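Chain nomenclature is as follows: A, B, C and D, assigned in order of appearance, with residue numbering initiated at 1 for each chain independently.
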Amino acid sequence: MKKLKVSVIGSTGYTGKELIKILLNHYEVELIHLVSSTFAGEKLSEVFPDFLNQLDKKLISLNPELIAQDSDLIFTALPHTVSMDLVPKFLKRGVKVIDLSADYRLKDPSIYREWYKKEHNHISREFLSQAIYGLPEIYGRQIERTSLVANPGCYSTSVILGLAPLFAYHLVEVKDIIIDSKSGITGAGRGISLDLHFPECNENMKAYKVTGHNHIPEIEQELSRIYSGGDNKNKEDKIKVSFTPHLIPINRGILSTCYLNLKDRNMEEKEILEVYREFYQKAPFVRIFEPPSLPEIKFVVGTNYCDIGFKIDKRVGKVVIISVIDNLLKGAAGQAVQNMNIMSRLPETYALK
Amino acid sequence: MKKLKVSVIGSTGYTGKELIKILLNHYEVELIHLVSSTFAGEKLSEVFPDFLNQLDKKLISLNPELIAQDSDLIFTALPHTVSMDLVPKFLKRGVKVIDLSADYRLKDPSIYREWYKKEHNHISREFLSQAIYGLPEIYGRQIERTSLVANPGCYSTSVILGLAPLFAYHLVEVKDIIIDSKSGITGAGRGISLDLHFPECNENMKAYKVTGHNHIPEIEQELSRIYSGGDNKNKEDKIKVSFTPHLIPINRGILSTCYLNLKDRNMEEKEILEVYREFYQKAPFVRIFEPPSLPEIKFVVGTNYCDIGFKIDKRVGKVVIISVIDNLLKGAAGQAVQNMNIMSRLPETYALK
Amino acid sequence: MKKLKVSVIGSTGYTGKELIKILLNHYEVELIHLVSSTFAGEKLSEVFPDFLNQLDKKLISLNPELIAQDSDLIFTALPHTVSMDLVPKFLKRGVKVIDLSADYRLKDPSIYREWYKKEHNHISREFLSQAIYGLPEIYGRQIERTSLVANPGCYSTSVILGLAPLFAYHLVEVKDIIIDSKSGITGAGRGISLDLHFPECNENMKAYKVTGHNHIPEIEQELSRIYSGGDNKNKEDKIKVSFTPHLIPINRGILSTCYLNLKDRNMEEKEILEVYREFYQKAPFVRIFEPPSLPEIKFVVGTNYCDIGFKIDKRVGKVVIISVIDNLLKGAAGQAVQNMNIMSRLPETYALK
Amino acid sequence: MKKLKVSVIGSTGYTGKELIKILLNHYEVELIHLVSSTFAGEKLSEVFPDFLNQLDKKLISLNPELIAQDSDLIFTALPHTVSMDLVPKFLKRGVKVIDLSADYRLKDPSIYREWYKKEHNHISREFLSQAIYGLPEIYGRQIERTSLVANPGCYSTSVILGLAPLFAYHLVEVKDIIIDSKSGITGAGRGISLDLHFPECNENMKAYKVTGHNHIPEIEQELSRIYSGGDNKNKEDKIKVSFTPHLIPINRGILSTCYLNLKDRNMEEKEILEVYREFYQKAPFVRIFEPPSLPEIKFVVGTNYCDIGFKIDKRVGKVVIISVIDNLLKGAAGQAVQNMNIMSRLPETYALK
């Protein structure tokens, strides 16, 4: 079989690095161009000596025509608001794109503008409608047929997978949804700042962007769609969440603790267990823990799994969901490759287990 | 002035160690007996070489009569259910006690039995009614006059101080109270277990005792009392909370993120700020952060402060409270010394700043 | 091709776990028995939930006959002094063994007795002479033909690979050899102790077993053999080293800093570089860094590489060697699989890249 | 008694912050000016919220005349090569200076030029001869009488204190001296860089500036002076050392492991113990550990102690010295205050215990 020609734009962030690591071990992929504006001209193994003797390819600067011409599929691991202008150039040339930024995740451009302070222009807006939200456990079929996947945010992945069955089966109330997430520091990216200076993070914890993190709109969009059966035009179904992210001094991993009110206060844990198992029975990367077992970050670090556990709090009529992922894998690069596999009709788990 | 004769029972746990460190720098205190059942016969500086050349005192085994006879005040830093039988022996001999276990925190013995699986006997039950819950910011006056302080739990301290003004002024609803707490590993104590083996904790996070942590009843008792103005016999005022503790791979510190529904959805942050400032105007160890500033663990590690910040989430009508303490200081040993200072009519901040 | 039937004894230590992780992805291997005395009867995925949905095999207790009968090759990941009595039982039944303990590493039983305080009996002593020290970069040919590999110690691997070319080419003096090694905490094993309790290790560093660590004799044995061209009967060639291991609060990785006197004080770094490159030209898991670049732990964690760098200190006529490995992979399980591949005439790098 | 008027230049680095923390608790000191070029105009408690409610002083920009006029003593915590031009301005105005840079540590300006790539001009050179190397355990008497203290480097402090008795008593050979040091990340300062970005440091270790760290010349100068009895003009006594610093992912602490050849290979550990105890009998901040006990970083973090332990390695005729300090305290700010106390005829340990 002819290998898939793949390029990566944004190769020297943490996500780009993980992406290349996975693709390097993917036998159906040929790595074509590795783009880095910061390190163009250097070898990848000079930036990351881990790649020494494995991949000594040179990083190039961004040349959209060249890259489009040589590639079947392109991963864009760029900052939000930068990706939106570049992606259409590739799609117009018939190249598939998996965009790891937020630019194509939000269906409603006015919500995008509200949270990202930038307007989609008429070109990117056109492609927005084609974009599929790249959560294979929910949108597997559409991902097969699309040319543009909007790869989900890391927090969003842990939260939406953690809560989807509850909303799909209407088991919980749609208000008073609390999501308290904790992330390792790679989630904040590879750009340096005093906040992420080692002694400032180490032996510390903090909440940040409280009430204002921009994964909120995609969580709300997706939970609303799941709740309303894929159609959230009905205003009353519009779900709102309280979301607080925290930084924890570990390298990798997200743990989201979610609190929801059960509609039926007499519901038993085994009923919920069944619902989750059924919902995810065909999902190779979701593992459901049977109470009282609960997932921990270390079970998923270095893997593409999302591990989900839960407990009912009878005293207050709530269910507590614990969902963990590796933010760089299921929360970014791993999920992107999972999407690539599906788009390319390869086994979903290829190079990911 | 004659120095206060103080003994510590449970000297070689993390709390006992911190207690001794503080008392060593307290010029009005004379350290009399240091008790450790595990290390009796060894010098303190053999167990903790940090004390070398500072305090070479020998640890002794438990002898209640001797200790009571020689001491004015005793700190009992013992496991729950062990303390209850020992404390009355000291009180009967006229010695003051600051008990760092949970045994004298819960006013209702049936709730104690429910959460701790042990019954108070008639002796300890008698002293229970004299015990003052040792949160000086709430019970300062009663602490002055009591012989028995039940030093609060670490999580409880961060939560109750974080929420007290909201309940005292009836600003929030009494249901759908979510408390998501994160603690450093010293919070789990110095007893070894596979869970707390370095490579099992490091680069990991996990929730534990989900829905069942035994700080829940004291948080509920105290919030209910504050809400009802010191009297929570009124059943309707009985507040219930959702509480989830997490272990984070740092040594010290607790960060509690609390989510509450505002009664008045139009309330502004500056109004809340005023309420908190007024409530804590005489509290030397509570610092209120003005939004959008929020406290972080590193601001309080090594101090007796409780730092509190908050943000209103207009979209969902909630207030999010962030409260941080050092679990070994304001969450245990520091608060215990603060209580000792008050009981002994010394300046509240003595040896703590 | 028929798969190799492999069993692992000591499955629930850190080394055993890594071994199983690698073997699980090794397409020429069939995992037969997983032995654990502590957890026999439980599923592997109950002990390590990371294996959930991947390997739910039950752990069994030790039954040498059964295991020998069903296996082509057995990994023994047992404590020192325990392995020596078990290994002959497998060898006598024609099963190949890779022993990860120290029991078959030292050629001279009197040195073994001196450092491990136990005597080889006549049976184990007989097999000792057949054992090959499992460093493929040095003994690749012998490993191909043996039935018993003594897998090297983790420190020893980093040190011997780091220094071999200098001794093989007689570039350094054989006295005043200083080796200062730093290891992550998994190197101390999964057995719990107060020393390895999270808050005791975290934010700490310490030297341990100073002058007395039992990797010293195998380092000396191997450096002596390399120096004397494979024959170290010549007493004068017996090399002695100063070795100090340290514990560092990270999970994985060893960094060894070695200081040696150059015979020729005018030697240039590029000459040494050539020597190292030549010596390791056929070694797929050794990477040589060109000065002034130096390896760091993070370049090798999660890999089977040994990265080596160096610098000449003209002022004092010394060469400083920096050698890093992942203690659980090239320092234990990875190297063991590398040995298995060689013994089984599979590609040396199979399942390791 | 009139308080000492003290100013700090370079207030917002890690050393400056520690200095202010100590001085804040020093009852004989009045903090006059806090200078920060980066944060001038902000309050200290805005830069470091730890100081909230404790010290809300505004940071000012550098105005040498003003600062000299208002201060009795000035701490200059500035980068190397910047300090040299500023310090004379204060000294000429009769203000005492404790300089925490390297600029006044090296007696020989040509060695300074060689290692720091900058020339002393005739003014700074003049004051160089007055400067006392600020190691109170060695130069206590001179420090009492000087106006300019050159506060030692952090590595240098751990090494010189660790080795001084061996050289003072001529117990070791002056060649083949190996010093392998490991430092927490605050040692690299508060200036951000990709190298010190949390995920780049965490779970990593590395050697850096191998053979070229600029604490080497001050270690050599001081060991040579101690060896030659305070006078190292004798060329033959000029001691050279091998020194390799490493970065370890902890916030604070230095552990130096030093290897030296004993002149008398039959020397016993108890003889060395006596020598160390005698040498440091009047040093309140040096603690000697009796073999086989050895110091660890955690024993000194947060203190001004230097803890020293050792072991003789009979097999190779060497002594191994382990010396630990908190790099920000005994390695910088704590030692600076110790020097201030001595210069001001206050008890040496004031505000440091």
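What to note about this one:
One rule holds in what follows: a contact is a pair of C-beta atoms (placed from the backbone, for glycine too) under 8 Å apart; a residue touches a chain by one contact, two chains touch by 3 or more.
In this text, all values refer to a predicted model and were calculated from it rather than measured experimentally.
Interface comparison, A-B versus A-D: the higher number of contacting C-beta pairs is recorded for A-B. Most remote chain with respect to chain B, judged by CA-atom centres, is C.
Mean C-alpha position of chain A lies 39 Å from that of chain B.
Averaged C-alpha coordinates put the centre of chain A at 48 Å from the centre of chain D.
Within chain A, contacts with two or more other chains are made by residues 200, 202-203, 249-251, 295-296, 298.
Of all residues in chain D, those touching chain A in their complex are 14, 184-186, 190, 192-194, 196-199, 201-203, 249-251.
For chain B in complex with chain A, the touching residues are 175-176, 178, 180, 182, 200, 202-208, 210-211, 240-242, 244, 246, 248-253, 255, 257, 259, 261, 294-298, 301, 311-316, 318, 320, 322. Residues of chain D touching chain B in their complex: 25, 49-50, 52-54, 203, 287, 289, 293, 295-296, 298-300, 302-303, 307, 353.
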